[in-house]
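Got some structures for you, see below.
Two complexes come next, and they have one chain in common, subunit A, joined by subunit B in the first and subunit C in the second.
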Partner chain A sequence: MLMTRTEIIEKLKDIIISADSRTAERADSVTEDTNIMQDLGFTSIGMLYIAIAIEEVFSIRFDNVGISDFVTVRNIVDYIEGKLQ
Partner chain B sequence: MRIENADRFRRYTDAETFDKIVDYGTITAMWKHCAEEYSELTAIEFDGEKYSYKTLDDDAAALRSAIRGAGVQPLERVALIAANSYDFVRAYLAVVTAGCTAVVLPAHLDETAVFGCMMKFGAKALVYQPALEQKTAFAKQRIPQAAFIPADAKGESAVPVYEAAEADPCMIMFTGGTTGKSKGALLNHGAVMQGTVNGCYGYEQVFFHRMLLVLPLSHVFGLIRNLLAALYTGSTLFICKNNQDMFRDIAAFRPTMLVVVPALAEMALMLSKKFGRNMLGPDMKYIICGAAAVAPYLVGEYGKMGIALFPGYGLTESANLVSGNPECAERPDSVGLPYPNQELRIENGELLLRGRNMLDCYVGEDEQAWQDGWFHTGDLARFDDDGFLYITGRIKEVIVLDNGENISPAELEARFNALDFIQDSQVFEDVDEGGRHFLALEVVPRMTELASLGENPMKAIEDALWEVNSKQLPAERVSRIVIRDKDFERSPSMKILRYKKC
Partner chain C sequence: MSEEIKPVKNYIFYDFVRITASPGLLVVRPKLVYESEKAKEKLRGGVLLISNHAGFFDPVHLMLSIRYRRHHFVCIKDFFEGSKLKRWLFRQFHCIPIDRDNFSMGSLRRITDELKAGHLVCMFPEGHVNGGENIAPFKSGMILLSLQSSCPIVPVYIRPPKNILHRLIVAVGEPVDIKALYGARPSLAQIDEAAEMLREKEEKLQQIVTFAIKTKQSPEVL
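For the complex of A and B:
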């Protein structure tokens, strides 16, 4: 699947929004520097949702790595980008 | 209310199956029966391997022999540390069938905590998953007289299954700490057996399920309702090695029954809606949901998918199961009918319990589990006319208003949570600049339902909340409503951290 970095971020934002009950406006504040756990305050089950949704949406698989190993949105985007190449 | 037998549950299961729900008295007798009756069936699937009941029995027997070979006698305590795995299962069965009391340690404890627990509970030995060997180092150094036995150890001479009595201690489990600090609750064989059998009442298909395990086995909900109930019913238990792979495991294993906390049931529902397919697989029939309040919304949504989600109520101190709801579709806000051999009493609104499934005592604590022969749950409860139980709040959370009126926030929250587009809410007492105390409400909307609310969902939510509010008794009405843009702060066990503003 060919996808630009911007497209990956948009899809990731969509997952982050749907993972937790917050308003759509919050998506605008998500940048590559956003810290997933600290800035967005996800619970462990919220993080699990994100991991599973990423695998579904991008048709990739996290190999030997857990979603909580990623700190920022950039880290996740880098991983997805690497997987899609 | 005294419940002496399970007859109330008879109507939910066909007669032949119901009569097969037999109480063996103790976990040792139960396991002897299971190992014999289900010998060739698969008991556990883990990490790509399948283990039959016979293999599990043989492996547990080999480890039991090693435990006894290390000089540990029946009725002595043996600590157990293992992550969710086949090792946990064989270690647990080996310890218990050796006649020892299993002190079940959470796998995340560090080596000093492992040492501390062995000291506190007087453990003569520690059985550990080989992968967790580093957690034994400190205790090995400080308690050289104790035995340290890996879960794959094999003894030399055969040791028969110990014939435990119902009153013999079976295991010590850590409480969740919702009533204060975490404590070790001692459960005897009769209590654990009762807790296991209780899990079988109230639905049609009881035996030979395909069950998935995602809850920690160091918690009674995982250990009794998921593992022991699976073994008791001749089911196959698939142990997820990594919860991140849960849905891949489901796709491959196709479970028929799932035991989960509400947050996980909600997550699976959100994923199913997002991707337009049932993420729990085509064979899923039953979800057993508990350990926190279950939103009626979950019962309704899973019902539409053809899956019965049964809310229940239980505590570590009650060997997990006090009640379960066989009529979830008709009464989704009830935690159901009390299971047999219990007495339930409501005193000043609080639920008090006693019966066969209850703990003997807390171990190594000054705190007494029993007051005048009753266990005080700290939960506010009521029964309806048909004997169904409802949990309406925690006694510690009760708000006493200026006018002396007692308000249970959880009871009010349940009314707001009944709106499909409300995921969670919190009612609390606040104080304005003039020092006037008032009730306030904060809610977290359910994202997946917002689209159905038209162009201005926030306005629609607010209007609906004020509408619900207007129907409350005057003393119970809130004066301020806030719709949050993020979740509440939560404890590690996912419970909302309540505001203390007054």
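For the complex of A and C:
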């Protein structure tokens, strides 16, 4: 299933909001440069939560990557895009 | 990509050590107390066993407490580093390495695969050895592991002996079904709440042990 980067970001926003409703306001301003931990306040558990949700929503399977390797939204979108191709 | 330490496929060395060490270890076997009648039931299938971390020998204490199961301990990857013998031993004992600074999806997969295969996985959610009386806040990663594997969490409290003349006492709690309590996809706030609920359960087990000692009630032995 091919998706545009914009579509991937929109789905990511939904995941971010469902993970923590407190980030709902900030989720609107999410761009590819947004730092997930620093700008959205997610901890490592939050990152793991997002990774699990990404696998379910995009039907992909992460390789043996460290979750802290994904610093910005761009890193995640690049990875998802690579997996969907 | 993180380096993957592959699991050993058999239990030959693990069972050899367990069987040969059993007679000697019976001398230091713990006294067991239970939260309820339900907690007395034997643990079957995939179970995530969590415990306070009072000392370096806690893994041995857990193995002696639940003697009828093989244990798979989650431990920091540093334990696998150093000599080849050390790495070999930790692999033979089916320990699951995790990187605390950068948790990998491979570790998540390994733990949930073990649980889904019906194995007993043990972890210390305090994240470090805590010799104090108070139980430290629990890391909430165990909740995600339980949800991903659909396996219950069983809290256990270890009270180390004060000296060589005292016996170790271990309290076993009832299994907690996280999915039944919070649903398949709880929010992060609910996950933190579940971790705190389990820490409170651990405190309750601590009180049960203290009560058993004060009243000189003979704890039940498995």
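Going forward, the second predicted complex is superposed on the first by the 84 of 85 C-alpha atoms of A that agree within 3 Å, B and C clash if a C-alpha of one lies under 4 Å from a C-alpha of the other, contacts with A are read in each partner's own complex, and residues count from 1 in each chain.
Just so we're on the same page, a residue touches a chain if its C-beta (ideal position, glycine included) is under 8 Å from a C-beta of that chain, and two chains touch if they have at least 3 such contacts.
Since the structure is predicted, the reported quantities are computational estimates derived from the model, not experimental observations.
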Key: First (subunit B), second (subunit C), both or neither touched by A:69   = second
Task = Classify the contacts of A:18 with the two partner chains as first (subunit B alone), second (subunit C alone), both, or neither.
result = both
Request  = Go through the superposed model and pick first if A:48 touches only subunit B, second if only subunit C, both, or neither.
outcome  = both
Query = Do subunit B and subunit C touch any of the same residues on subunit A, and if so, which?
reply = 18-22, 45-46, 48-49, 51-53, 62, 66-67
Remark   = Within their complex, subunit C touches subunit A through residues 1-2, 4, 99, 101-106, 108-109, 139-141, 144, 148, 185, 187-189, 191
Key: Parts of subunit A lying in touch with subunit B, wherever the complex brings them together   = 17-23, 25-26, 40-41, 43, 45-46, 48-49, 51-53, 56, 62, 66-67
Remark   = In their shared complex, subunit A is touched by residues of subunit B numbered 242-244, 246-247, 263-264, 267, 270-271, 274-275, 423-424, 444-448, 458, 484-487, 490, 494
Ask   = What residues on subunit A touch subunit C, complex-wise?
value = 18-22, 44-46, 48-49, 51-53, 62-69
